[in-house]
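Below is one structure. I have some questions about it.
By written order: A, B and C. Residues from 1 in each chain.
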Amino acid sequence: MIIEILQQMLNGLAIGSVYTVIALGLTVVFGILGIAHFAHGSVAMSGGYLTYLFGERLAIGFFPAMALAMLVGAVIGLLIERLAYRPVRDAPHINAFIIALGLTMMVEGINLLTFGADQVVIQTPYRGVFNVGGVAVAELRLLVILTACTLIGVVALLISRTKTGKSIRAVAQNRPAAVLMGVNVNRVSAIVFSVSSALGAAAGALVGALLAIAPGVGEGLAVKGFAVLILGGLGSIPGAIVGGLVLGVSESLAAGFISSAYKDVIAFMVMIVVLLFRPEGLLGKR
Amino acid sequence: MNKLARSIAAAGAALACLGAAAADKELLIGVNDSLTGPGAVYGLPQANSVQMAADEINAAGGIKAGGDVYKLRVIANDDKANPTEATNSVRKLIDRDGVKYLLGFCCSGPTSAVASFIERENALMLVGNAAERAITAKGIPNLFRTRPPADFTGAAAGTFVGKRGAKNVAVIGSLDVGFYTQYLEAFEREFAKAGGKIVAKETFGLKDRDMTPQLTKVRALNPDALLVLGYVEPSAFVYRQATELGMKIPRYGFTSGSEEQFLRVATSEQMEGVWDLRPTELTVEALADNAKTYVANYTKRFGTPPSPSSPYAYDQVYVLKQAVERAGSAEDPKKVTAEVRKVTVPKEAVMKYLPVGGTMFDVNGQAYTSNGAFQWQRGKWVYVSDLPSDPALYSEFLRGLRK
Amino acid sequence: MSRPTVRAMGLAVLVLAALALPLGVTLPYFQHLVILALIWVVLSQGQNLIQGFTGYVSIAQAGFMGIGAYSSTLLSVKLGWPVWLTMAAAPGVTAVLAVLAGYPSLRVKGHYFAIVTLAYNMVIFIVLMTWSSLTGGEAGISNVPRPPDIAIGVLVWDLDSRVGYYYLALAAAALATLLCALILHSRVGRVLVAIRQNEALIEAAGVHSWRYKLLAFVVSAGLAGLAGALYAHFIGFLNPDAFGVDHSLNAILAVILGGSGTLSGPVVGAFAVVFLPEYLRVAENYRLVIYGFILVTATIFMPRGLVPLVASGLRALAARLKREPA
């Protein structure tokens, strides 16, 4: 019984860490720019497809391919920010959200045209399985968790230790004041979106390696990402980390012990319960 | 449209021109299949094989019946494994394109939707890979199926697994889907006769990819074997994740998936030792020269080997040919239908059919193939043994289901 | 001529045209599309109420349509209730569910709200697909009945025919538009518009915006439920595919395209959303990209939608014409 619980939890940690990376990409954009960037899930899918393509065509390993896809992701983020969101930065928030929906359709559509409708599984050479006291630890899952940790660590450092990070935090706290202090909001906006989309691309690569990339997967990821945001507190990075892992593990435990058919519903139930009783999230400020 | 679909369309157009130039009559075939989506692993190879058969027949001079020569033209529609799309697609084929002969039908959901109204139409419907028993249990006069119902195979599989010494089997499958439940019922019945018990029945959806929670649950029960009942892609994930969870028990499945389809998701090592208990479909050791030729031609033409169940559609074309020849004309589907009832197994057929009462199709419009046990060995599906089954007995059982 | 007179004349022409439509449009294919468009008018008017008037984007409209569709279908097919009754009950069932759904989600603002409604749609879709013992799952429910004929003296309203159903859909679309017009011109409507413009301000003025938001949400869901019932009994075959998130996005598109916050906007938008895919059939693969592009550019360049744009264009033209004869 204990082994079963531990196994379910470990399984859940792997997918949970992917949720965290997605949520991180969402929370930086939301917390700093106030935009619910729903198209993030589809951008993640593009990253996954690109990782697959780079791996196959350029005959490079998984991590180099992922790095390359992250670079492309960053560029995509820049384009999205400049062309789609900047024009409505000062318009009512609802406009930005509708643009997010429009972007989702566009990116999904472009993915469909470019990569087709079949599912894509990124095969990796990491197929070992270690037995730790009855719990099977798959090499791939371990690597996914480690990669996610690394990415999160790097972004957290970027925001807390660098000068750019300081500008970003300034805009997040008080945009008019930041402008007065000479912070270039356009530049901050561009950087935030590049970082967010690069993270998204990485998440897509990880999903492709763990499971598969296919039309429709991106939407589900985006929704789960927002569920994590609501759970952890919008704009909170520690919240995104804790929230993602909690969601992944709860899904796994619920699927294992209650019902596997309604697994995806768990995320949404969690979201609704949190909104009812603690709308600022587990780690958000009241 | 993807490359394969485009090549089908191009070849079809080219042949249509050829046919028209020779001032022969045209026999229009409508293929309704899942060319995209989760059913595409079954539907696309079927559509391809129908086109290939039509081209072969045209190249050999067409169908000669009652003084006329018919050249075949194929129109393929994608039902996206969706019952509403399938209904619309068939409506379009019958109403707008004037099709009288409908082939293909890989997936039970869309096929059942079409079967619910086909009796009222002036058309003949030949069903392929769709395994839902109810499709032929209703005794629809203008519907025939080349693939045996799922439970016909399930029973044979249950006996086989029992004989291999398993006593406790855990089942994981798309158990919301009718024909998988039918397979399981028959399996459980025969397995019980050998003293076996099903210790778990876990579900997953047709499009699910992460079955680690269900597998973890199953692993804790310590079964002797795992029975996986799902489409190729989810089953592939199950096989892969079972190894990732350190499970070493025998894995039995019912997918009719090709090597290439499985290797897109799992590695050969992860698949090693997996069984597929299914109709004795395309494997060169199990079938005769027709099969070898079919595989070679298909691979050359489409750049990828055919899926094991694709010949169900290929054979449909040759059944149609024989029926048209016997009827003397292709104009009246009712006459052709009457002849289909009486056809013998065409000599070009790839599958090994077991005629019941002297004809290929029994009184329900159902054809039967033998069942076989296939095992994945070093990257290939290897035919290991026959799974004995009794088509005459099953035929009576099926007839008895009609109210 | 005065504006109100022009308006009244225009409306009269429209009504006559709508009543006479089946005489002009005889191709079954087009009649089918028009009926679907009218059903979508009901849906879009609902969407406009919560999105256009109140300013809260709901991504659950297709999900609520599904609730209405399955309620009416299950009550008539499984319990044998008369179809008129089930069609009337469907909006009610949907409204009750909307109250339960709206309660937690309307406490939060814009972005949160939208995402939560998206989650609702996904939950509804998953449940409809998975609870197959009740809903038939992906394989769906066939033979959903049409309402029985209504005989008034010697006139028979045959609802089995396409023309007969057209008038039913037309009546529903007209009712939906009328309902929204009534709301818009009432005190409730003014509060809703005020919420869209500046929620903080009216809260400070002592208005419980929450109650008004809930009302808008519930009415909009009720309209979606009605649209669902009409849809199910029209097509005759019901499965969850028509109620996924992408259809909710279509509802949003319809409102944006036609004109948020106007009464004729959703009508234009509904027809656009139903007819466009048929004309874009050639470019099926590009459809998503085109829709998305329209949504993005429309929001950036014409955020108030087509109808206000055309209306203001016409007004400018009329003003120009008035100036000519000095």
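Simple rule for what comes next: a contact is a pair of C-beta atoms (placed from the backbone, for glycine too) under 8 Å apart; a residue touches a chain by one contact, two chains touch by 3 or more.
What you see is a predicted model, and the numbers here were worked out from it, not measured in a lab.
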**OP:** Could you run down the chains that neighbour subunit B and subunit C together?
**Re:** A
Original post:
Between chain pairs A-B and A-C, which one is joined by a greater number of C-beta pairs in contact?
Top reply: A-C
Original post:
Taking each chain's centre as the mean position of its Cα atoms, how many Å separate subunit A from subunit B?
Top reply: 40
Subject >> Centre distance in Å when subunit A and subunit C are each reduced to the mean of their C-alpha atoms >> reply: 33
**OP:** Mark out which residues of subunit B touch at least two other chains, giving numbers and ranges.
**Re:** 176, 205
Original post:
At which residue positions does subunit A touch at least two other chains?
Top reply: 261
Original post:
Hey, what residues on subunit C touch two or more of the other chains?
Top reply: 130
Original post:
Which of the residues in subunit C end up touching subunit A in this complex?
Top reply: 55, 57, 59, 104-105, 107-108, 110-112, 114-116, 118-120, 122-123, 126-127, 130, 245, 249, 252, 256, 285-296, 299-300, 303
Original post:
Inside the complex, what are the residues of subunit B that reach subunit C?
Top reply: 82-84, 87, 108-109, 112-113, 116, 176, 178, 205-206
**OP:** Note which residues of subunit A are touching subunit B in the complex, please.
**Re:** 1, 3-4, 7-8, 11, 15, 116-119, 121, 123, 127, 129, 131, 136, 138, 140-141, 211-212, 252, 255-257, 260-261, 263
Original post:
Residues of subunit C touching subunit B in their complex?
Top reply: 129-130, 132, 137-140, 142, 235, 237, 239, 241-242
Subject >> Interface residues, subunit A side, partner subunit C - complex >> reply: 30, 36, 38, 84, 87-88, 91-95, 97-99, 101-110, 112-113, 219-220, 223, 226-227, 230, 234, 261-262, 264-265, 267-269, 271-272, 275-276, 279
